[in-house]
Every structure is written in C-alpha cells, then in structure tokens.
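Here's the structure, in structure tokens; my notes come after.
Chain naming follows the written order as A, B, C and D, and within any one chain the residues start at number 1.
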Amino acid sequence: MIRAGIIGGTGYTGGELLRILSKHPEVEVVAVTSRREKGRKIHEVHPHLKGFYEIEFIEPDIDRLSECDVVFTAVPHGEAMRYVPELYESGLKVVDLSADYRLRKDKYEEAYGKTHEAYIEAVYGLTELHREEIAKARLVANPGCYPTGAILAAAPLAELELIERVIFDSKSGISGAGVSPTEFTHYPNLHEAIVPYKITDHRHYYEMEQELGRFQEDVRISFTPQVFPGSRGILTNAHIFLKGELEQDELEKIYRKFYDCSYFIRFQKAVRLSYVRGSNFADISINRGADRAVVVSAIDNLVKGASGQAVQNMNVMFGLDEWAGLDFPPLFP
Amino acid sequence: MIRAGIIGGTGYTGGELLRILSKHPEVEVVAVTSRREKGRKIHEVHPHLKGFYEIEFIEPDIDRLSECDVVFTAVPHGEAMRYVPELYESGLKVVDLSADYRLRKDKYEEAYGKTHEAYIEAVYGLTELHREEIAKARLVANPGCYPTGAILAAAPLAELELIERVIFDSKSGISGAGVSPTEFTHYPNLHEAIVPYKITDHRHYYEMEQELGRFQEDVRISFTPQVFPGSRGILTNAHIFLKGELEQDELEKIYRKFYDCSYFIRFQKAVRLSYVRGSNFADISINRGADRAVVVSAIDNLVKGASGQAVQNMNVMFGLDEWAGLDFPPLFP
Amino acid sequence: MIRAGIIGGTGYTGGELLRILSKHPEVEVVAVTSRREKGRKIHEVHPHLKGFYEIEFIEPDIDRLSECDVVFTAVPHGEAMRYVPELYESGLKVVDLSADYRLRKDKYEEAYGKTHEAYIEAVYGLTELHREEIAKARLVANPGCYPTGAILAAAPLAELELIERVIFDSKSGISGAGVSPTEFTHYPNLHEAIVPYKITDHRHYYEMEQELGRFQEDVRISFTPQVFPGSRGILTNAHIFLKGELEQDELEKIYRKFYDCSYFIRFQKAVRLSYVRGSNFADISINRGADRAVVVSAIDNLVKGASGQAVQNMNVMFGLDEWAGLDFPPLFP
Amino acid sequence: MIRAGIIGGTGYTGGELLRILSKHPEVEVVAVTSRREKGRKIHEVHPHLKGFYEIEFIEPDIDRLSECDVVFTAVPHGEAMRYVPELYESGLKVVDLSADYRLRKDKYEEAYGKTHEAYIEAVYGLTELHREEIAKARLVANPGCYPTGAILAAAPLAELELIERVIFDSKSGISGAGVSPTEFTHYPNLHEAIVPYKITDHRHYYEMEQELGRFQEDVRISFTPQVFPGSRGILTNAHIFLKGELEQDELEKIYRKFYDCSYFIRFQKAVRLSYVRGSNFADISINRGADRAVVVSAIDNLVKGASGQAVQNMNVMFGLDEWAGLDFPPLFP
C-alpha cells in the first residue's frame, strides 16, 4: 500500500482527496494535517465521511509526514511553497494542488509580479498532456480547475497549430471559491445569477498560455471566468477561430486521435455537468459553426479540476493504472 | 408628504424599505443611516436602486432624524433599543423591525433570560390582527418573518378556540439570515439542501405563543424553522389538530370571515412562493385531512415578513389606505 | 386611457404584460385572448395576479380586439403572422412580441429558409436604437431577448465602426423557454448546470447581424446561447476585439454618450442579474483588457427582454414618457 | 457472479441501479429492458454511464430475463404487477421498486380502492427492519422514498410503543417525480420554491402506517410531502409527541441500540442532505425539545430511497455483506 499524507485536509479539495482515497485499492491515508483542527477526527470536520476514517488531524509536521510515500499539498496559494521544498528534499513524492509550482519561474514572476522564493521545477500535471514526464516526476503541480477544462478543449488543435484565436468563456460552480464564507459565496449573491469576475485578468490565464503555447507559439488566448448557481462543475465554451478549413468530421478525428487511450476523456454529442458530476471524467463536445468551432468541455472542478486529477497523477507517478481508485461513475441526476 | 427616516439602511430590510418607499405616493425618504457607509450614495451600497435616490447615508443621529414624521429602525436585535426610546420621546412615530419590542416585558425576559433595559409598550404590528391599535400607536413592533406566516395561518381558528395543537413547520429563503456572509449562508451549504436549525428552540416561538395565546389561552404550539435554497419567501405548513368536527367548507368560511376586508390576504387552491414574491400578499390555502387541517401560508419574508408590513403599519398609523404604495403585483415566475 | 388587448395571454410574456399593465397609469387592459382558457378569469391561469383583474380570457377574435387602441401579440413564432396583418389593417397599433416581423424580408427568408407569406414592414423595437421611428410606427417588432442584451452591449462601438470581431456568450434564465414543460425545462436537467444549446446556429443571430450591421457593415459576430439555473435574466458577455486603441475611459465615454437620455440604461461597476430582476433596466459594465473589451450586459429577459420593452415601445408610440408604468425598481436580493 | 436484470432501465431508478451495479464486485448486469429504447446502447440513454456498459436495451421478455439470478423491476406503479408474478414463478429472485407489493393485500385495496389482481406476499424491504425475512425472501418490495426516511426516524420509538403522535413533514428533491417533464418538474415552477402536494392524502402514508403499526398498534401518523429546489435527497422532520418522559440521552440510547450493527445508519449532530448525497446512508439527528422530540432523517431518495436500498436488499437475499458495492462515500459539497 502507498502511504499518503495530506497537508491541509479541511478544505474542499482536502475533503475530496479523502473521499476518493478512502476507496483507492492501493492507498492508505496515514496523515492529514490541519493547524486549526488538530486533534479532531476527520468526520468532525467532514461529517459526510463518518465511518470512513479513524485518524485525527495533526499539526503540519514534516517529520511525521516523512513516513509517507506521497504527500498532497492542499493549502492556499503561497502557503504550499512553505512545505514543498522540504518535502521534496526528504525524497518522497509530492502532488501540489496549489498554484505555486504550475508556472515556469519567469512566467510565475510575470503573473505574480514578484520573485518566487522557493522555486523547484515541477511537471505540470495535466495528465493527458504530460503522462511520460509525470511518470518520472517527484513533484507534480496539479493544474488549476479552469485551465484543466480550457486546455483539454483546445490542446488537440494547438498541437497542430491550427488556432487563430480562442476565447474561453468558463462557468464554475462556487465550490471552487473554497470553504470559507465571503461576499462571493453568500447565497443571495449567487442565487439566480451568473457572476463574471476577474473578467480580463484571472491568473489562470497564464497556465493556459504556458501550456497551449508549448504546442503553438503564436496562440492568442482570451479568458473570462464566472460562477453559476451550483456547487460543482466547470463548463467551458472554447470559441475557436481556426486557421484553415476544417469540417466537423476532421475536427472530431483530430480530437479522437489526440485523446486516444485517455480513459477520462469522453466525447459526447452534448456535454452536461451532470454527466461528469463527482467523477474524474472530462466530457467534450465539438461544434463546428460557419465562423468558428465551439468546443465545450465539462469537468467536476473538485475532481478532474483538482483532487481527482491529483490522484490520477499519483497513479501515474507510482506506475498504477491511471484510473485506479478513480473509475467510479458520475452522479446523475 | 410623510418624511421618513431609516436607521440601518444597508441590510436587506433597509434596502427593501428603500425599494418600496421609492414609489410610495405619500412618502419621501429624507434620511438613511449607516455608521459604516456614511457619506456614500444609496446606490453605491444598493446598486439595484441606481437612479432612485440622490441622498447619502448619514450617521445615526437623533437630531437629524427628528425632522422625520416616522422612523423605521432596521438594525439587529438588541441594537434597536438604543435608538427607540429617544425617538419615541421626541414625539415622532416609530416602526421597529427588530425583535426588541415585539414581546411583552415578562415574555421578553423569559425568552431572552435577561431584563429589558429600555422597555416601552408597543403595538404588535401584525396589521391584520391589530389595525385599530396600530392606528393609534406611536410605536409599532413589526413582527418576525416566521411569526407573520405562522400566526396568519392559525389566528382564525385560535380566535374560536378550536386548536387542540398546532405544529408550524416553516421554510424560509436565506435572505432572512441577512446580508453578512456566514457558514449558514455559504452557497455550498445551502445548495440542494433544506436545513433545519434551532429545531425546537427558535425565539420566534414566543411571538406565536403571545399572539395566538391572546385568542386561545390553552393553545399548544410547536415550531421548527428551516431554510431552503432560495433567496426570498417563507412557506409555513400549519398542521392543526382541531377541537371538534369541522369540514373543509366550514374552515374556509371561518378564514374568509376573519380576513374579510384584508387586502393582503388571498386564498388560493394551492399557494406558491412565486405567487407572492416581491409583494406584500400573504396567500393561504386550507387543506382538511382526515386527521388534521393543514393550512399553508406563503409570504415574501422581506416584504410581508418585514419591510412591506412595516410600510403597511405606517400607512395605518398615518390614516392612509393600508395598501398605499404596496399594491404592486408579485413577480412570477 | 389607452385600451390595450393581448393576444395570447397565458404564457410568461402574456402574464408579464398583465403584471406591468396592471399598474400602468395610462392603460387599461380590455381584452386578453386564449383559445384554451377562454371563459376563465385571469387569476385562474395567473394566480399571482389574483385581485388585479376581473376580466376573462376570450377567443382571439379580431372584431372584439378592434375596440383596442393597441394590441400586443404574445403568441409563438409563426402564429403571430396569422393575426398581425388583419390587426394592422384595422388601423390600430400593434406590438408583436414574436419573431415574425423582426427581420427584413430577405433576412427572414434566409434565416427561416422559406417565404414570409404575411410580410409587413415593421420597426425593430429596440427602443434605445429606434425611438424616432417607433414614435411614428403602427407596427413594432419587439426584439428577441438575447438580441436585446447583445445589441445594447455592442451598438455604441458598432456605430463608430470600431468592432473587429465580437463574440456574444449569453446566459439566460429558463423562463425564456416558455410555460410548457419540456426536456429542456425539466428541473433535474437544469439543476447545477449551465446548458449551451444551438451553439453555433441560434436564429437570434440574425437580429444581431441586422441591427449591428446597420451601423457597421463589416461587423463579425459570433453568438452562443445557454441557460443557467434560474428563472429570469440574461447576462451577456460581449467579447469585443477592437479596431484601434481605446482605453477604458474612452470606451466609457462612447457608451455614456450613446445612451445619453436613455432612462433604462445604467452603468455599473459590476452588473448582476439581481440588480435588474423584475425591472426594465439594462445594466452595463465595461471591462477593458489587454486583448479585448468585455462589455457585460444584464437584463430581465421577461421585462427588458420582452414585455417591459413592449410597453416601453407602446409608450413611445403613444407619446407617453418612455418609462410610464415601468419606473419601478428591481427586486433584489 | 450474480446475474442481474433490470426491467425498466431508462428512468432515474433504472439509471441509478446501473450506476451502482457497474462497480458491484459480485454482480454483472446482463439484461436491461426498455420498450421504447430497445436496440440502443445504455449510454445513449444515460450518457453519464458512457464507458461502463456495452449492452443494449432489450424488449421486456421474461424468457431472456429467466437466465438472471435476480431481476429488479423499476417500472411505474401498476406496471410491475404485469411482470412480477411470472418472474416469481420462474424461480428467480425479485426486488420490485414499484409500490405494487409494498402493502398487505387488504391495506393495498384500502389505499387504491380496488382489488389487487396479481397479489403475492412480499417482504417489505426496509432492510434495517426486516433483515431476517429478506434473507429468506424471493420477492422483496422495495420501500417508497418518503416511507424510508420517515419509518427510519420513528421505528425505534414505535418499537417501544412510546409515540403519542407523529407528524412527518418531508421535503424531497424533484428527481423522485421521474424522468418525464410535467408541470410539477417544470423549472420555473420549482425555482426558489418549496411545493407541498397531496398535503393530507399521499399514498406513502399507508406504508408508514403498516410498518410503524407492526410495532405500535395505536400509533397516530400524519404526513405531508413537498418538493424543494434540488435534484436529490429527502429530509424528514419527524415531530414526535411522546408517551412519558424521555430525555435526550435516553432517546439517543434507544436509537443507537435499535440501529446497532446497521452499517448505513449514522447519527449526526445535524444532518445535511449533502452529507448523504449519492450514498446509501441514512443520517439521523435527535432533537429533544420541551414539547416533543424532532428526529430529522436525511437520505438520498434515489439511493437509500430506491436503487441503493434495492441493492442492499439483493445483498441480503444472496448472503453477501449488506454493504457490498454500496460502501462508497457521499458526494459533498
């Protein structure tokens, strides 16, 4: 059994890691940390998991975590870099769910306007794009939720340098905003609403630019995120203006080839968030219009957009089946 | 024109007073207070009201409010009693939307387990029950949202002392919890949920007991509140076990007689929150079963359950038509 | 008093016309038709309007409608053209809420792939764009809900021929789908979802092309509609790629000038559907990014997107204040 | 491997059986029927299950089903009785998810006002109450969703004959209304709503009366169902008026003893539908008030309230662990 630890186990991504790993056939969670909740049982913080864990939250203590084979860091951006270097040096494997190691150093410093004080080179953990490097990596930077949905929708065309311009108009469930109440998550502010935010300057843009730019240097990307009244899910409309003529069936061929052997990519005539809810699938539909192609992707932001993909990456890092412990069906309706 | 002031104009009930009074034919809002927002325009805090007010928030200052003919206090429980006595003494009329003056002194002290340090006798402002006293009152205590829905559903039978036992199972939109984000109002905690709270000990119980007890001394009341995924509305199921035999048509006759000439009471075959949304109506349906009668009432918690009824009371206090400025239709669907 | 008739009074737009006109100071609704519901009182079909109307639904009968000064046709596309020509010939004024008269004949036939058998030239009733023609018109074609939100967001830039390309990504409440249950409106299919449909080929595209094309012949438009979990509202992200350099403040100046004296256009730092809900306002925010401007518009699809704008047009046709009967505030939260 | 068949595989309970059984370690689904969809792949009707099944829907044909070890009938009430007798006679085991075999013959005929033409004695499949009989049964009648939540909340007190009166006020997600669009499931009719229906005469009452009456003959039950804006979940408030004095801790002791060894019953300080969503758990909280105890239960109506419990019953019938294939955690948030 792989011994897993989680730094920051009280948030939504921590809870989701616990949910998924509770049934993973090859993993045992041996340590979960929380400064605030240390000494409490898992189910006192995550009542839905009552009956699944007997352990208690502990202080984030590298010594106690060093008995792990893998550690997931599920703490806020900026905080992960306090743990990752030491964990990395101690020789175990790390999957970081924060934004701290997703960008190359130069891009990070452009995006954040400051020096990265604890930089280590990581592999960007969009599994479908980087399987081989992930298999050899000791530090995987798990992608952002929006970039996961966006990059998956455009990568096959970027690889062939066919994109003139792409506009990602993305809609997320509010769980992406985390477990702490804010004006943003206040029920009446989201009720019967669809709320764009950081309309032209969300930092997830840089991940999209970095990853799609690997394929196609001149790719032009625009991105607007928004939240919709729901807890889970990200639906992304990728409005893609193409270089050259490409019919519907050619587009489909390109996508199917690119994602050949990718267990978690499914093509649907029409995607629905409820078709992927609770699962690690990324569903994709391709819609060729007269002016552009609209590729729509649907993921569960907490699974494929966070904790599920983290486990998928762990599977690859340890040579397991990519879908080990993740091959459960979505929850519809 | 009646000159109106609002103490505490930044919350949902304050915003709703501003919405309603903006079109009231006999009222001009001349002062709105907010410690935190003083100096800002109304629409900077309530963007939906852009174009409706030119005034700014001011400090809560009794001197400046004393030019008003009526003041609405829309501040939290416990805070209203800091303003009401002085306002009252200055001779103007007061409608208090807090819980501070709803209960008789003895009942208040039972409910809150402490002495009421600033007690004044007020008229309980459930307009349909106390019109005549309200017309003569200078201080009206506007009812709680749950008690409004509950008392309206049971009063006609209590008046005839026909209730053996009544269980109020009430469901409220979350706007009743106010404008400040909390765990309770955090979107993922209410999504696809129905959340009972203070299941056997909500303080609104005391208002129900006081008001129904005026009619029928031995009335036995049970009450459980809960929130449902929505912003506005309170639906109350009053499960009423009756003394004696009463058929459907007799029940209907009793209710129609009791609410004769009550503009805002409407009888519906089936009530829906969307049939009253945004309006001051209280819709009622009567359902006689083999074992009990279930009277279902529907109100908008921010209108008939708060600011609308406050204006209704003001209308009565000033001798206007009860429905002046309130006779707008609900927003369906 | 203006005597108004409504053909097709049982749907959401019919109900909304009845809601709005019930308080219009210059209008009396004298006839409402419904084949299916004839003989029933208004409130038997629209229980929320109980107390507001005493009339009954009648057969759609041109003779009885000819006593009206204005008739609103609120029937499905394709059906309006059965009534409009005869109404038009009888000399009264007509506001058609269907799609039958919105497009010029040639564009209609391109969009629908068939001959328009009952064509009459109408004025396109986006009031802010065509006030002067509407004032003289006898037949006004009320715009589609999506085009209203989209065109308002882009017209000021189109007028100056500054648009290189615009992508409208629009999200609508489900009330736009009408009062009849379908797979599309089935609750579990929309719960926690955001559902794109007619992703590249919605017919509302043609209205956008016609109206923005009046200003700027070479405008390139893309449009994708979707529904979100809510009843009312359309939020439109207009991703506008500009010709030439234009800073935030220049953009704002252009928009403010274009909409000078337009009562129903409000500029907000951030728009929210709840800031316009139930009202005829169209709120707009302008967001200049490095690559593009994103203009976001918010309307209530049943008010500014349908029945409210129909009344606004009627006001203009009869020389009333544009906002007569429409100057009520939105319902927030 | 147990060979399972499903009659009626296109509805929500059919889909949920397919979801659960896809990962059941001891079961293979070999036949799924649908008159309308025969010849189509499972995922063409249930796109969320893409990748999980290769079989096609077949005609409901007893011959082809007779190769099964167990058949689940997931067809509407009244239709199951067309299949069950023949299946039963063919010697295989049957779990019927309809209402056709839940009530004893006399009670059925009282409830439905007609003769049961195809009556067979079945075991009522509320697993926690009838494990031993289920283990020996060949026909198990799977309980209704509301009765599951209600009976679990009251059975421990009924067993001790401690109930003077119980009022079940239950709130269900709309998926219980099935996959076909109706006025009831029309999104705008449920948005921001809580809709009571069959307020005093829902047929599920008879199941509650039959099962609680087994324990306590004189139990007095009242029941009102309603739907809330959500897809899944039933929350039941059991307002229980007790015979005799019973403190909180005594109540807790009674419940814990009654449900000792029941894997799927969990006690929570406060139940939430999101703590059981997607799982077979029934969470219970006990709240002793001055006047009554309120026992609140939360289940997923499609899992513990339908297909999950059906699999739980199958497990017991075949001597498997009760939780085989069902021990997955809930989906929160």
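Here is the rule we use: a residue touches a chain if its C-beta (ideal position, glycine included) is under 8 Å from a C-beta of that chain, and two chains touch if they have at least 3 such contacts.
Computed from a prediction, not measured in an experiment: that's the story for all the values here.
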In the chain contact graph, what is the shortest path length, in steps, from subunit B to subunit D? 1
Chain centres computed over CA atoms; the one at greatest distance from subunit D is chain C
Comparing A-C with C-D, the busier interface by C-beta pairs is A-C
So how far apart, in whole Å, are subunit B and subunit C when each is placed at the average of its C-alpha atoms? 36
Nearest whole angstrom, what separates the Cα centre of subunit C from the Cα centre of subunit D? 46
Using mean CA coordinates as chain centres, what's the gap between subunit A and subunit C in Å? 39
If you look at subunit C, which of its residues touch at least two other chains? 12, 175, 188, 191-192, 229-232, 272, 274, 277, 333
Subunit D contact footprint on subunit C (complex, rising order): 12, 174-175, 179-183, 185-188, 190-192, 229-231
Given the complex with subunit C, which residues does subunit A contribute to the contact? 165, 167, 169, 171, 173, 188-189, 191-197, 199-201, 220, 222, 224, 226, 228-233, 235, 237, 239, 241, 270, 272-274, 277, 287-292, 294, 296, 333
Subunit B partner, complex, touching residues on subunit C are 12, 15, 19, 22-23, 46-52, 175, 191-192, 231-232, 263, 266, 268-269, 272, 274-279, 281, 327-333
